[in-house]
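Look for subunit A in each of the two complexes below; its partner is subunit B in the first and subunit C in the second.
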Partner chain A sequence: MGTTLWQRTWRNVARNKAMYVMVIPGLLYLLVNNYLPMLGLVIAFKNVDFAKGIWHSDWIGFKNFEYLFKTSDAWLITRNTLGYNAVFIVVNFAFSIAIAIFLNEITSKFFSRFYQSVLLLPYLISMIIVSYLVFALLSQDTGMMNHTILPLFGIKEISWYNEPVYWPFILVIVNLWKNAGFLCVVFLAAIIGIDKEYYEAATLDGASKWKQIRLITIPLISPVIVMMLLLFIGRIFYADFGLFFQVPMESGPIMNATNVIDTYVYRGLMQIGDIGMSAAAGCYQSIVGFVLVLLSNYVVRKINKDQALF
Partner chain B sequence: MNKFKRHVSGLSLVLALLMVLTACGGGSKGGEEASGTQASGGESANSGDTPEIVMPFFVLNGIPEDMQAVNDEINKITKEKIGATVKLMPISYGTYGQQTNLMLTGNEQVDLMVVGTWFNYTTQVAKNQLLPLDDLLAQYGQDIVKTLGDNYISAGKVKGKTYGVATMRDLADMYGLVIPKDVLDKYQIKTEDIKTFDDVGNLLATIKKNEPDSTPLVPFGPGDSLLDNYMTYDNLGDKLGVLPGDATDLKVVDWFEQPEYADLLNKIRSWYEAGYIMKDAATNRDSGLELMKAGRGDVLLTRIKPGYAEQESRLIGKPVVTIPLTQPQARTSSVANMMWGIPRNAKYPDKAMQMLNLMFTDKDVANLLAWGIEGKHYVVKSDGVAGYPDGVDQNNSKYNLNQGWMFGNQFLTYVWEGDSPDLWKQLQAFNDSAVPSKVLGFTFDQTPVKTEVAAVQNVLNQYKMALEWGTVDPAKVLPEFRKKLKDAGIDKIIAEKQKQLDEWAASK
Partner chain C sequence: MTSQNRLIQWTAHAFLMLIALACILPFLLLFMSSIADEQAILRDGYSLFPAEFSDAAYRYLARESTQLIRAYGITVLITVVGTSVGLAITAMLAYPLSQKAFGPRKPLTFIVFFTILFNGGLVPTYLVYTQYFDMKNTIWALIVPNLLMSGFNILLMRTFFLTSVPDAVIESAGLDGAGQFRTFVSIVLPLSTPILATVGLFQGIGYWNDWFNGVIFITNPAYFSIQNILNRILMDIQFLSSSNMSSHVGDAMSSIPGTTVRMAIAVIGVVPILIAYPFFQKYFVKGIMIGAVKG
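Here is the complex of A and B:
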């Protein structure tokens, strides 16, 4: 059977020579750019010694990974990373799909473009600037919340950067404000692609706006939603470093609510600068991400085969 | 099933290709090196076969426009004196660590570079990225040893071998107070009246009483706690296990467990509660000098040295004075934070050491690096100090590096206008008067306990700033902090440090 498979493959190649030749540049690019660097993962299992070179350094097994699990914070940073990202996905998707649908209903071209641009703008702002915008709101000495908004409601000033309870909300809001615009544009593009005849037919049949959204728009853009979802799930174990490092301003008392894997690794290795340990962190994150993508794709395939990525 | 098979065959094709490429990658390493040599060989052929020393260092205020012109002038001297040219490679401070790391791991030619505990010195040594310098120093660097003296040379040693050489600059640490002169005059406080932390508290109380809306104490800079530089002990590199200043034996102790630490925290907390300290101090992102300039406060506590007051006065725009709270002390950490080293990638280690020696002995080279070209970037004034030529100032100067402390012997350069003409004498006296730590020359290698260090660093990040600015109540938070340090494994780090310290003491 092996030979028949081989023969069949060979015949396939022979028949589609031209196609296969065309694939080569792309494949080479993928190999050089995406697969070759993966060999660097061996660094995670070595005690790198530059006199010996990377390939001849000593193997040390999983010792480089230890610091990720041995600490008392291991549970905390894992929970925060996964928890925040899960909430981000749910909230961001819900909001941006809703906004995309609303935007599609705006008939004035000018306003539709205007709102899109306004929504997209935060996505283009650097996190460092975002962190100062948040600081301008929350600073204790000069912040707008404490000095203008809270007094209006007669609430006493709050020491934002010292109270961990507020931070899950602050981070979710900041993330939504920053990223919803981008997702919204993606979904809007999908909605615009839907054939208008569906809606016309539905209107003739007397379907309400709500029914049109529920029964036409959402089912028709669901492939895009699922694809974006799978892409986001693949990165669920990577935290947005800028958001979690810059926005909380390195404030210690709130760190139980703001420390995630990426910031933990950064703070831990700032002083040692060990490439083996940082490679270990990256390796761990990508393996978890990979497994989660496979799993969720499997689940999607069980439910609806056409919408799975692979 | 068919589909699955197709996938498998495709995958095995990719794997096979991958293996072929890997083999190529492994083999091409030698080729890469050969071509590298060729390229630089071609370059040196242009300049008449003189070796070129590649020399990266960091710059704090942007790369000067005339760097190349200065480089050319230096080459005229080095060609004649050591038979080599240098390629100065300025890199901005923020990216220096990362960029040099890439150069070292990427096997690029680097002959002489700034190293130090600011840039993971001990890791570089542990990973064998730097060459031991002892033989080179004995052969080509005698003037360096003579200038620095054995004590300060020893600070760059790891396990008995020298991997880094400090520059001749202010090599000791002193902690003190920076305050505008008019504030002292206003409340008729004499500098001699302030000697301890309690005196500082009284000063702050006086200011607060007269200006109830002010918060007199401002942080020195982002990420700096009030106690970062206040050391009555030797921090042994990283503060994770310290040697008390009054210790008679070499017993490493946990600073965060000391009663003195708790007392200091309580004091700071009382200052914070009394409103002496800026409320956002722990999360501050501004330079203390900017805050002072903007009138946000009057007092800051930091490392001081002779000439510091003049320097800060120029920046703030009104005269300030410095008042020491500790004796000048020489520790490994104050010397080893910035040194020069020769990496394993060096193509001309001999020439690199000769160049370093030249920076320690040649007045012209030292001045070129510090101030630029005479007549163009600076002129020597009548009293032997340097200043800007006519029509040139701080803003339009094309060489305003101002980092004389970084290259060899700073005391060979001219003193800048506005500083006391005998500044170098004062600094020399400051260095000489410094009390050398009993363990000067001991460098802790963190690699055996790196797992614990990573965990402890996170605990420090979580608690240190808030505690050491008084933002949180030490009565409640200090026990939590101590417990988390224990959980993270600080005792293991201290035990390892003790072991290394004992070995070091035995080998002396």
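Here is the complex of A and C:
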């Protein structure tokens, strides 16, 4: 007692010197890689002029945002980001849950492992490789779709990379293909965790498999489903940059169907060189994204405190 | 086995086999197309059963291999350096955050945690690394931005130290006269190999697959990783020959078996990770589960 905060801190430092030193590299890194860019969000309110340096560029208030929201792009990229992510969530969850339930029914250890490994294969590879695979299927001149599959049904060849109407479907399928394995592993873990006695009792009572799935499996894994849902909803304002940037191969005619906030920010910065607009879009994403994370966590907290991030 | 169970087994197998095929067939298409004859592809398209085979694509790649070998060197370098340095920084930050004796562990944990919730995004990050650190077109640009893939890994490791390394072990090491750093290195880390392997694996895959940093920070092909080469070739099949300063561009164009080379190079890009996959598959699955449970 009677010691000041300063004295206590000093004593703690003296006693735990090694630990204080250990955290330095990590904290410095976070400062540079995370906190400096957070401060850097203010450039959205500046007229960036490299001659004056970033910090000394003139303040222009909300001008960058005004320009951004005057364009039709702002609405388009917001709609695309939210729309795609919403569909991804529904489709991916439905498929992954179904796959996990089927996987759980497989009694053969060998097959169970085999299916799981194969399902995770797409999750393991880079989006660039995925783009090659999609190209092999959809290339207009040499793609397997136009040369082998469509002729089977007597359909004429389609110029995939020039027709925006197909891209919502293509992107949803590619996203499902790449990420279903991941979610499936999560749900399978939850199913395996269910006490076997429930099923034994149900079997004794003569409940059919379908009934067991509906009345035992799904209700018991629903907390996990809800948590994962909220986790994904919290990130709904962030698009999978690789998917939207690589897979459409920057084809202009389909841009309206494939442009999302992340690709818009990238193009503004790297290709068009409109840093103000790009920074404004990025800032918009960071702030709305942050609010959504807080909101979804708030809901998680209401449902189950242990699962909440904070 | 009752008939109902047998029916379920068969349905499950049929459904999963279909899905497994959907996962594998694209890779097979890639491979078959890479060993097909160029003319056959131009005539019939990419196919699982090409009419004629040829090793022209791989012979072409062997001729132009300098750039590919260099790119693989870069990928291996950034993966090894990035993963080991990243793992070291992560563990060193996570350990004190798990120890009650460490005074500021709560505010510092929050500092780590906040980076998961909020980030500055691409534009400020890009400006920090290019304007203040001048990393454009350096190997650092491929390593530094990914060092702590996410604050999430730090918290994951902290939880492991907290729950799976008994306090008594750490205390008794202290009583035996080992300093805090010594205790960390020779007692705590060896007890934590599962989490180190898991985090390290995901970090390693992250580095191996990373093309984003190359796309935004690197314009000089000398620093291209294999993913960046793949990225360039997808758009521009002549990239390999043009970067080798061959003066006969027109010549080179007619001699490149473009459609098959494209697929062959993707095969070369994906094969190492497919070969390694069975060896780390167990940790991969485990890592996904740990991540999701605490996510």
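Rule of thumb we're sticking to: the second predicted complex is superposed on the first by the 208 of 310 C-alpha atoms of A that agree within 3 Å, B and C clash if a C-alpha of one lies under 4 Å from a C-alpha of the other, contacts with A are read in each partner's own complex, and residues count from 1 in each chain.
We take it that a contact is a pair of C-beta atoms (placed from the backbone, for glycine too) under 8 Å apart; a residue touches a chain by one contact, two chains touch by 3 or more.
Everything numeric here is computed off the predicted structure, so don't read it as measured data.
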{"item": "Partner chain(s) touched by A:P253 [first = subunit B, second = subunit C, both, neither]", "value": "first"}
{"item": "Touching partner for A:I155 - first (subunit B), second (subunit C), both, neither", "value": "neither"}
{"item": "Partner chain(s) touched by A:E105 [first = subunit B, second = subunit C, both, neither]", "value": "second"}
{"item": "Partner chain(s) touched by A:T9 [first = subunit B, second = subunit C, both, neither]", "value": "both"}
{"item": "First (subunit B), second (subunit C), both or neither touched by A:A94", "value": "neither"}
{"item": "Contact breadth on subunit A, by residue count: subunit C or subunit B", "value": "C"}
{"item": "Contacts of A:L36 with subunit B and subunit C, given as first, second, both or neither", "value": "both"}
{"item": "First, second, both or neither for A:A201, with subunit B first and subunit C second", "value": "neither"}
{"item": "Touching partner for A:M19 - first (subunit B), second (subunit C), both, neither", "value": "second"}
{"item": "Which superposed partner A:R267 touches (first subunit B, second subunit C, both, neither)", "value": "first"}
{"item": "Subunit A residues contacted in one complex by subunit B, in the other by subunit C", "value": "9, 27, 32, 35-36, 39, 50, 132, 135, 139, 141, 249-250, 265, 269-270, 275"}
{"item": "Residues on subunit A engaged by subunit B in the complex (per definition of touch)", "value": "5, 9, 27, 31-32, 35-36, 39, 48-52, 55, 63, 66-67, 70-73, 132, 135, 139-141, 159, 161-162, 249-253, 255-256, 259, 264-265, 267-275, 277"}
{"item": "Residues on subunit C engaged by subunit A in the complex (per definition of touch)", "value": "4-5, 8-9, 11-13, 15-16, 19-20, 22-24, 26-27, 29-30, 33, 41-42, 44-48, 89-90, 92-93, 95-97, 99, 101-104, 108, 111-113, 115-128, 131-133, 144-145, 147-148, 151, 154, 179-181, 184, 205, 208-212, 215-216, 227, 230-231, 234-235, 259, 262-263, 266, 269-270, 273-274, 277-278, 281, 284-285, 288-289, 292-293, 295"}
{"item": "Subunit C partner contacts - residues on subunit A that touch it in the complex", "value": "8-9, 12-13, 15-23, 25-27, 29-30, 32-41, 43-44, 50, 54, 98-99, 102-103, 105-107, 111, 114-122, 124-129, 131-133, 135-137, 139, 141-144, 146-148, 177, 180-182, 185-186, 189, 208-209, 227-228, 231, 241-242, 246, 249-250, 262, 265-266, 269-270, 275, 278-279, 282-283, 285-286, 289-290, 293-294, 309-310"}
{"item": "Footprint of subunit A on subunit B - complex, ascending", "value": "5, 9, 14, 17-18, 21-22, 25-26, 97, 101, 104-105, 119-120, 123, 127-129, 215, 223, 238, 278-280, 282-283, 285, 344, 446-447, 450-455, 457-458, 461-467, 471-472, 484, 487-489"}
